[in-house]
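Below is one structure, written out as structure tokens; comments come after it.
Should a chain be cited, it is by its letter among A, B, C and D, assigned in written order, with residues numbered from 1 in that chain.
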Amino acid sequence: MGLFLNRHPLLKQQVKTLANGVADIPWKNFFDMMLGDETILVKALFNKLAIPNWKRFCETLTTIFEQVKDNKGGAVATYIPELGCADPDWFGISVVSVDGQYFSLGDSGIEYPIESCMKPILYSMAIEDHGYDYVHKYVGKEPSGRIFNAFTLNDDNLPHNACINAGAIAVSGLFHKEDPNSARFKEFTRRLSDLGGGMKVGFNQTVYLSEKETGNRNHALAYFMASHPEGFPSVNIENALDYYFQLCSVDVNTDLMAYVASTYANYGVCPTTGAKCLSFENVKRTLQLMFSCGMYDYSGEWACTVGLPSKSGVSGEIFLVVPDSLGVCIYSPPLDKHGNSERGRDFATRLAAEFGWNIFDILFQQYDKKLL
Amino acid sequence: MGLFLNRHPLLKQQVKTLANGVADIPWKNFFDMMLGDETILVKALFNKLAIPNWKRFCETLTTIFEQVKDNKGGAVATYIPELGCADPDWFGISVVSVDGQYFSLGDSGIEYPIESCMKPILYSMAIEDHGYDYVHKYVGKEPSGRIFNAFTLNDDNLPHNACINAGAIAVSGLFHKEDPNSARFKEFTRRLSDLGGGMKVGFNQTVYLSEKETGNRNHALAYFMASHPEGFPSVNIENALDYYFQLCSVDVNTDLMAYVASTYANYGVCPTTGAKCLSFENVKRTLQLMFSCGMYDYSGEWACTVGLPSKSGVSGEIFLVVPDSLGVCIYSPPLDKHGNSERGRDFATRLAAEFGWNIFDILFQQYDKKLL
Amino acid sequence: MGLFLNRHPLLKQQVKTLANGVADIPWKNFFDMMLGDETILVKALFNKLAIPNWKRFCETLTTIFEQVKDNKGGAVATYIPELGCADPDWFGISVVSVDGQYFSLGDSGIEYPIESCMKPILYSMAIEDHGYDYVHKYVGKEPSGRIFNAFTLNDDNLPHNACINAGAIAVSGLFHKEDPNSARFKEFTRRLSDLGGGMKVGFNQTVYLSEKETGNRNHALAYFMASHPEGFPSVNIENALDYYFQLCSVDVNTDLMAYVASTYANYGVCPTTGAKCLSFENVKRTLQLMFSCGMYDYSGEWACTVGLPSKSGVSGEIFLVVPDSLGVCIYSPPLDKHGNSERGRDFATRLAAEFGWNIFDILFQQYDKKLL
Amino acid sequence: MGLFLNRHPLLKQQVKTLANGVADIPWKNFFDMMLGDETILVKALFNKLAIPNWKRFCETLTTIFEQVKDNKGGAVATYIPELGCADPDWFGISVVSVDGQYFSLGDSGIEYPIESCMKPILYSMAIEDHGYDYVHKYVGKEPSGRIFNAFTLNDDNLPHNACINAGAIAVSGLFHKEDPNSARFKEFTRRLSDLGGGMKVGFNQTVYLSEKETGNRNHALAYFMASHPEGFPSVNIENALDYYFQLCSVDVNTDLMAYVASTYANYGVCPTTGAKCLSFENVKRTLQLMFSCGMYDYSGEWACTVGLPSKSGVSGEIFLVVPDSLGVCIYSPPLDKHGNSERGRDFATRLAAEFGWNIFDILFQQYDKKLL
């Protein structure tokens, strides 16, 4: 448990605070936190943890990590220069269980722009704040069968879903649209941090400026949507685009994103802080979106080979949600031809196969057997 | 158990056979079948059934059925005259649990052409017989974001998936392509019957002839595929199309299709005959296909509101698979604007909500609570 | 000739100036102008005029005009409110021969925004100033087979031609792009006036602001082009769009546009001022563009029924060029379903049939017979 | 005139017939034919010929021919094996004036399949026999902006025009559809021969069989059209396709096709036989079609650089019509990237530039000057 206390970010901070004598948290509260009915300690004692044997689980992750490290396939994205500066050897993973257990390997601390991984997160915040029906007045619910920046709308002249660029721009247009972008930006990053157990969220100004400069296609998409009657949720198209570019340029690392994923895996409640970030209903809707549309035009194949709600970003990250069990984030810049991290795909595929985590495996209840 | 013995088709036949004294099945075998470790009787005694309280479950189904009966929305398909003859009031449902329990309501015995519901079934037979990789040389794995007869191929010049017309025609072209269509037809119907617990499979000659006559778009799709180098699995395009039309014209009822669905729900093993029809791997692949592409361009919304692998046909049927639990089939001819049975959609939505059967509900393990 | 002196705008002004004694044009120059080898007086004496019997020609125009006046078909465009204010009864025509003869009927003095009719004019200025090859680095030469604001580029990722919105925006981007928009605007209007015999060119600020406000689709087109490598001629996309909206909002009337058309009919030399506005080569290229692409997706039918290089605008004007003979402009706001002025189409069709002006009629040299 | 008598096919035959004493054509008729008011002899005496100085004209053709011969660009089409057998060095031209003067160079006698060049010819026969309005119930009048076998219909679900495959297939479906294909084939070839001054028309069985075998895309196009209500003119789709393939496989040479072109140049009257093959109205409609759609997706550029109604075929021929003057046919198998004969394009471009034959040059009446 020493290791655990050291690595669990919330506990680490509290232990440190207590050790320094600077906090006045009553010892009683601390013990409640540690020893209440549903705490990790109690669960561990009764073997009720989502991942019953964490140590063996981490050993298996390490084995897979070493195998995947040698995969030199793919190429770093270069459409904006800053992304092209990434080292193709960077490779990090982080996992957080719904019981708050944490483990990481490799370059888990390197910061990278969140890019498309912000899309399902923004979507879940938007349906939480503005209602599912309102958001879907401006964005559909179907896979598009097209690449992420495809120039197409569905039969109702809406973007197919919130995980393609057009859809995410539409959601950027409606999310607290009455507020200035400064307040809107603060709102997103504050809540991203909440989802991530209170970890710090950064911003990459170079990426932001590059995104704006190379964003002609996204401009075109936004104006294209707005050219249909009632087709765009905001009168201020440039504002919506600017907000979209800002959110794409938020800096994260695999630790943060694994905590975020674990909150989705845990009904919308952050496993380490206990904060209720999203309603269970909206968590399910977001996972459904990620499952069908999260991996670009590889989503169908991904559903077969990995079978977990996941989202990929051009900077080379993939985060996955194992419902009721685990959040995972992988980062490695070289991308395969579908725009997904090559090592990320490789790692996720082996992980899911090893533990039988394909949703349809889980549904058939064979999943316990492998972990025990 | 009297009721059960009367309605379970396999048992009913065997009891009858035994009663008539015409069979020489030793009594010992009969008791083994009834009282072996995993039989329904034993499971029921130990409350280990997939649907623990079958009687209460059937009562709930009846309530929903009565509610949905009054839904007069939608319109009967008329693109082929024979379909237009269907009575818009017809409404039947059948359910079969993975333990072989059976229940039906309304017009469960009316025969109707299987139409598009044959697509995932043919697909599962094809990957079983010819291998997953071989089949996917000719058909993709991604949702298309388009209507079922859309005139489009993916970036590899293949149909997007096996649940759109183009994909099903391609699979019709490769399935035992070296055999004559007579043998190929027999093979499909024999195995459909196996999947359905040995029930009889019919054929609707009128529908077949109508399909051929009105099949210009399907002809166009087939030749369009074949116009790309190596784009079609068979040199005999007309033969492939003819086979496709034949399979669409197979006559079924909701009883048969509920048994079929239960076999998919039960790992590919028919719950009533114990016959191993499909490998577990291929069952999962088929369910994945149905989940992402089974409900035409309503598949994404369906995944949110029903959240179960399902397939719809233009004659007005929908069959659903609740993995590890249940097969369901609903039949009612009037279709909504997406081409799905209006009452079918309505019933399925209420059913899934009532029992928490959305896949993401199941994954979060809340599903037991409602049934108990 | 009295009538002629009164209506010929240049002569009218000069006669007036001379009469007022405020000009010092030597009488000798005046007589040179009136009696030189190629003047209208001399041509008329020797019956060498393009339209030999002008009086009879104008009588025929009047008859057709009266017939078309009763055509109450079509509807005024409303996509920007200012256009919707036009009176559906407005109907005016003006004609100017390559000998400078002028005639008009109805509302020839009403000002309206030039809209799409600026496209071929801007194109001819652009190829004149920047070269044919340079301009066609950014815009194609083929009909698009699509409506004017279609969202499509050709196989080289260029707009199909300079008469669809995307093409005109591209030309707006390259035309004297190093200058500020104020100078660029002055340049276009000055030269439009030159093409129109020195007539005044106006500007409609309300239309300009409305165009900008409703121009989402044009914004989308511009950014879409710019999203392809080397796809847009200017780095300043917003500037190009603003210039495009300005040019669409230039105010003209049928007199001005008939003079412009006559300059094109006269090898690029203004028949009344003698100013060389465009090279003959570029006049032919522009007429070729108008012939194949000038009437939106009715261009092919137009080529059959009218068969003259023409351009249509959403405000309800059509201007036509009868090479070596005549410029014509018709204005009447109600549009048919292809976006062409209903009365304009009607008038032009009757006019071309009456005089055998379809290009293929002219080529077969039957054209003289009808006019004599 | 000796040369002329020897080369003019009709005269040659008649002279031969007379010489053999096997015909009973009265000498009076012969002299009438030779010396009537509008005969070539009389016209030549009064210098009223379309090409006044035939000898100088032929010398210029010879010079251009020699220049173009060295152009080794392009590649022979190989999509059907028989076409791939063509010798890339083959190069022939034939010209026939509207006065019946004939000249040829190089491989003018080599037979090749007519392929797409049959499209405007079939179209003109169809509008002649069945009416312009009836034919255009099934095919549009607009350029498509797409390649010849593009998979697209216009907004009325019709092929864009009769010069793309889909349009030609539709016309093949309606042309004397009540007759058997044998009679239909005879009808087309008989009238093609009439258009060509009575010259023999062949058939290439190898090409026909190859076209059928590789015609999947054309099959797809036909069924696609037929899948729209009232979208195809014949209930017998396979029959229509078979007829289409037959017509594509008709064998011609440049002599025949130059005579055909001269008939179009001469108001629909064959210059050598005097037979009235087509109405003047339908000739103009066909030339309009060829002008806007004859050269695949190079038609717009062709209109600028050559500016004459032309049609191109994949076997490497181009035939051009100079209205009121000349028919031209060029044959050389290597094709450029647009599918037009490389040497054909080169020759036509030089020819039109040399004689100022661009339609817009002719319209501006500068054309006489060059020929005199």
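Everything below uses one rule, namely that a contact is a pair of C-beta atoms (placed from the backbone, for glycine too) under 8 Å apart; a residue touches a chain by one contact, two chains touch by 3 or more.
Bear in mind that the values here come from a model prediction, so they are computed numbers and not experimental data.
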Partner chains that chain B and chain D have in common: none
Remotest chain, chain B as reference, centres from CA atoms: C
CA centroid of chain A to CA centroid of chain D, Å: 64
Euclidean distance of C-alpha centroids - chain A vs chain C, Å: 57
Geometric centre distance via CA averages, chain B-chain A, whole Å: 35
Chain B residues counted as touching two or more neighbouring chains: none
Set of all touching chain pairs, with the criterion as stated earlier: A-B, A-C, B-D, C-D
Chain A contact footprint on chain B (complex, rising order): 140-146, 154-155, 160-161, 267, 280, 284-285, 287-288, 291-293, 297-301, 303-304, 307, 323-324, 358-365
Sites on chain B touched by chain D in the complex: 151, 216-227, 232, 237
